[in-house]
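Each chain gets a letter, A, B, C, D, E and F, in the order it is written, and its residues are counted from 1.
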Amino acid sequence: MSAKAISRYPVPELDTLPEDIRERILAVQEKAGFVPNVFLTLAHRPDEFRAFFAYHDALMLREGGLSKADREMIVVATSGVNDCQYCVVAHGAILRIYAKDPYVSDQVAINHRKADITPRQRAMLDFAIKVALRAAEIGDADFATLRGQGFDEEDIWDIGAISAFFGLSNRMANLISMRSNDEFYLLGRSPRS
Amino acid sequence: MSAKAISRYPVPELDTLPEDIRERILAVQEKAGFVPNVFLTLAHRPDEFRAFFAYHDALMLREGGLSKADREMIVVATSGVNDCQYCVVAHGAILRIYAKDPYVSDQVAINHRKADITPRQRAMLDFAIKVALRAAEIGDADFATLRGQGFDEEDIWDIGAISAFFGLSNRMANLISMRSNDEFYLLGRSPRS
Amino acid sequence: MSAKAISRYPVPELDTLPEDIRERILAVQEKAGFVPNVFLTLAHRPDEFRAFFAYHDALMLREGGLSKADREMIVVATSGVNDCQYCVVAHGAILRIYAKDPYVSDQVAINHRKADITPRQRAMLDFAIKVALRAAEIGDADFATLRGQGFDEEDIWDIGAISAFFGLSNRMANLISMRSNDEFYLLGRSPRS
Amino acid sequence: MSAKAISRYPVPELDTLPEDIRERILAVQEKAGFVPNVFLTLAHRPDEFRAFFAYHDALMLREGGLSKADREMIVVATSGVNDCQYCVVAHGAILRIYAKDPYVSDQVAINHRKADITPRQRAMLDFAIKVALRAAEIGDADFATLRGQGFDEEDIWDIGAISAFFGLSNRMANLISMRSNDEFYLLGRSPRS
Amino acid sequence: MSAKAISRYPVPELDTLPEDIRERILAVQEKAGFVPNVFLTLAHRPDEFRAFFAYHDALMLREGGLSKADREMIVVATSGVNDCQYCVVAHGAILRIYAKDPYVSDQVAINHRKADITPRQRAMLDFAIKVALRAAEIGDADFATLRGQGFDEEDIWDIGAISAFFGLSNRMANLISMRSNDEFYLLGRSPRS
Amino acid sequence: MSAKAISRYPVPELDTLPEDIRERILAVQEKAGFVPNVFLTLAHRPDEFRAFFAYHDALMLREGGLSKADREMIVVATSGVNDCQYCVVAHGAILRIYAKDPYVSDQVAINHRKADITPRQRAMLDFAIKVALRAAEIGDADFATLRGQGFDEEDIWDIGAISAFFGLSNRMANLISMRSNDEFYLLGRSPRS
């Protein structure tokens, strides 16, 4: 394990945290085998922590036209254009696992136009990246393009909102120099067998 | 009152909303005399509504080195560079009221470098706008500049986090074409007497 | 009245000015009830003053397919993308009055794509902003789009020339830190009755 | 002589023009040996023509700390960053003549940082280009830099105003596709003898 | 092995290639265990292939103040800002191996400012990225900064030339949609033991 | 002849150079009447010199759908957007000679959209400039546009590769402050007779 600082800000000890936050962290540790640093670093501010993960869950665990892999793919692509190390590395791992594809995360993070994705996913990422970089220019034509790929209005809200929410996450990670766990780099990289 | 649509998405009737959300909306209506459209339009998704306002309150109602006017000033300046009509108009009104200054909101929204603000506020807005536009480049020198203006580490988190959170808000408003209430345009514009 | 400097440069006393300039200033004062600062600050250079207002009048008082409100709307939108505080505030007031609309100026200054304007006005502002930001890329397709909205060749010259002229004005205002009069902020804000 | 159109707009015959404009054009023809197309193309709108050249003369013929070559150098450098063919070619010729230097115009138009100019001229062009591209960011530090090179406040107004005025000129030339005269390309290119 | 096309252009069979090119390819296959796609795809044009790899070797195999890992780090960082999938993936693998660090490639490709590198490497990458994105602005101050980190003039040429050469490589890869070999993704990812 | 330095780096004496390089330089001197500075300045690194000119010749002397003037036109236009003084001046001269047109080089370097070129050349330059500035976005639609103008796949490779190669050349020239020979400025400027 790396001994590098994982945040510019103090990182609380688990046993000093409010009960609900400690429980959430222990649950993710149980499931993942380690605690992703976003949990520890944002716990510096318990109220923001709660709001952040409530928002995250509302968008990422929602039922709808987007698969879990689609949602993570949006995170990876937009975090790529926002130059966010933590999010590309951590969500890249999750995307590899959900998509059962060891290559797609790097492809999408570097240049989604050259990735092995479907035209529907390409349109989804084009829109998400436009929300990330030029949201003020989003208009009817963008909605029409997505509808032409079979997305409904709620799917489009999801795509845009995931891009907007991780834009917040990316900015926080860059603000506090959030460091990604070493474990993420290797997760999901073994070719499909 | 304008009959223009306030969102691309369905706007729920108050009496169809979950109790906690209806109560929050009625409370703000009681206080402001009208319901700001951000409450009605985001209520389309109750879970995201709850997370959004919990995050908002965690940042905007927090005690610390930033005054309420400072916090709103960050919102107005960053919403200006993100070209977000709802947020500039609505938070411009709130800033005029908190700052007891009928001019500062327009000045800060258009070009904060030419606004009637203190050097401390100028540094605060420079940082907030860098988080909004080039967060990946935030580094030690930026923190040092703010410390030189008397901000402590928690103030700096506040500045960056408010910029990041309203970056999310700005993107959502542009995504759904959130329309600002007519009432905001005139609030707080009478000169100090 | 604010005691803040209205220019980085000396502002001449009215009675030291050449007769024609003093008369123009007194006439505008008579009409508006106050002297807009652009008159006082540019009077520092009488020859440039005369050329500036001759150009202004040639474009803004011209008969043609553009209404006075259309012309002011171009000024507000392009001054918005050029981040010019004086021009957005002062011409925002004039636009509110000509358009008899208390909301349109802020909408157009922040993000004309989300403003309550006609498709014809939207095309007009798209073109004006392209002249402001990327004039070298103006070509036949842009002219065709405007013709498709009913503008003739002379109207298109007007749209482009107003954008170009106020690009000069915006740069001068930012150069000399021209401050807007306090009076402009409130003008034309009362809802239509 | 080229038979290519020199403007998208009608170019008036000399004898149809108002007396004062015809005289100005004949005078320049007498002096230069040909009529620069900017005179013919802008004469389509006599009032704008008069204001344009009055402004031009106020800035370019003014006495002060900037030499004629300095003024033209500002025009060439800013017209370069604005991608204006007419102005780079025409004022490039004038600069070569005033500076008695067959190389400086191309150098400055392509990349002023690599041109054979003095540090004082480098600072002058850095400022002029900032006014052309990012005028909203001009501030005290920029003025201090120029003062450090011996420019006084009026010189700085000149530098900024020439950049602003030719920004208007560049936009008009790109708007109407103003074509440069063939004669300009070769003027002043013979090495100093 | 993926069956996806590795180039928009025909990929020659090994036995149809000129002897020298076939030998180079066989040698790299012998060493790496597979043929990196850049060799096969560029072999479509034998003369350009020869020049490309001669240039590559002149820069990447050169003795000097830069280690092999330094050179590859420049490739990864600049290919990241140029959004080149092939180069980030392939050279990311090589950098992991040379640096004996399974994390540095992703860090540097996403945001070198947040990577676990030395101040000397940070300065090296800042310069390389400036050459990639704004070479026209490179000047004395940039050279001074690198000298302050102990680089000599020939090292600086190396840094700039590697950035420039891989800028060519990145553009070719994006032009022909060069696909990276699956093998690269996993190479060098096992933590140091 | 100018006594200004032609490179930040040492420029080797001809008689100290390897035989093959000296011969190439003497051959070009024989043909052109002078030695273009790119030969002398890059000879500081013989291996890179050989690779550079081998690459240059592979692209610029190749038979195919592009004329020699077309190839030079790509160099001039892309060197213009890359702000490279040496390449615009030197290749501008060569283009004037090949195209037998004293005006086209300046036009294309400043703003190719306003140049006297064919629609086919306009499409060629649009593509070349996109490779220079946004290669990651090159896709099927760009290839289709060029095919629609009669270019075949190999021509498209040529256009993109020339842009990519001179992007390398432009960056090297800006890195080392390569100075253009005085002779180039006047070459090919006499009107067709």
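FYI, contacts are C-beta pairs under 8 Å (C-beta built on N, C-alpha and C of every residue); 3 or more make two chains touch, one makes a residue touch a chain.
Remember, predicted model here, so these are calculated numbers, not experimental data.
*Asks:* Touching both chain A and chain F: give me those chains, sorted by label.
*Replies:* Common neighbours, chain A/chain F: C, E.
*Asks:* Suppose you list every residue number at the chain C-chain D interface; are over half of them used by both chains (same) or under half (different)?
*Replies:* Homomeric contact, same residues on both sides for the most part.
*Asks:* Any idea what the CA-fit rotation angle from chain A to chain C is, to the nearest 5 degrees?
*Replies:* Going from chain A to chain C via C-alpha fit gives 120 degrees.
*Asks:* Which chain has its C-alpha centroid farthest away from the centroid of chain A?
*Replies:* D
*Asks:* In terms of residue-numbered contact pairs, which of A-F, A-C or A-E coincides with D-F for over half of them?
*Replies:* The pair repeating the interface of D-F is A-E.
*Asks:* Determine the centre-to-centre distance between chain D and chain E, using the mean Cα coordinates as centres, and give it in whole Å.
*Replies:* 44
*Asks:* Would you mind pulling out the distance in Å between where the CA atoms of chain A average out and where those of chain B do?
*Replies:* Computed value for the inter-centroid distance: 24 Å.
*Asks:* Rounded to the nearest whole Å, what is the centre-to-centre distance of chain C and chain E, using the mean of the C-alpha atoms as each centre?
*Replies:* A distance of 51 Å separates the two centres.
*Asks:* Determine the centre-to-centre distance between chain B and chain C, using the mean Cα coordinates as centres, and give it in whole Å.
*Replies:* 28
*Asks:* Which chain F residues reach two or more other chains?
*Replies:* 83-84, 111, 114, 136, 174, in rising order.
*Asks:* Chain contact graph: line, ring, star, complete or other?
*Replies:* Topology of touching chains reads as other, fitting no named class.
*Asks:* Any two chains that touch count here, so list every such pair.
*Replies:* Chains touch in the following pairs: A-B, A-C, A-E, A-F, B-C, B-D, B-E, C-D, C-F, D-E, D-F, E-F.
*Asks:* Can you tell me which positions in chain D touch chain B when the two form their complex?
*Replies:* Touching chain B from chain D are residues 136-137, 139.
*Asks:* Give every residue of chain F touching chain D within the complex, in rising order.
*Replies:* 4, 80, 83-85, 88-89, 102-103, 106-107, 109-111, 114-116, 174, 177, 179, 182, 185-186, 189-191
*Asks:* In the complex formed with chain E, which residues of chain F make contact?
*Replies:* 8-9, 45, 47-48, 50-52, 54-55, 57-59, 82-84, 131-132, 135-136, 138, 143, 153, 157, 160-161, 163-165, 167-168, 170-172, 174-176
*Asks:* Write out the stretch or stretches of chain F touching chain C in their complex.
*Replies:* By the definition above, chain F touches chain C via 111, 113-114.
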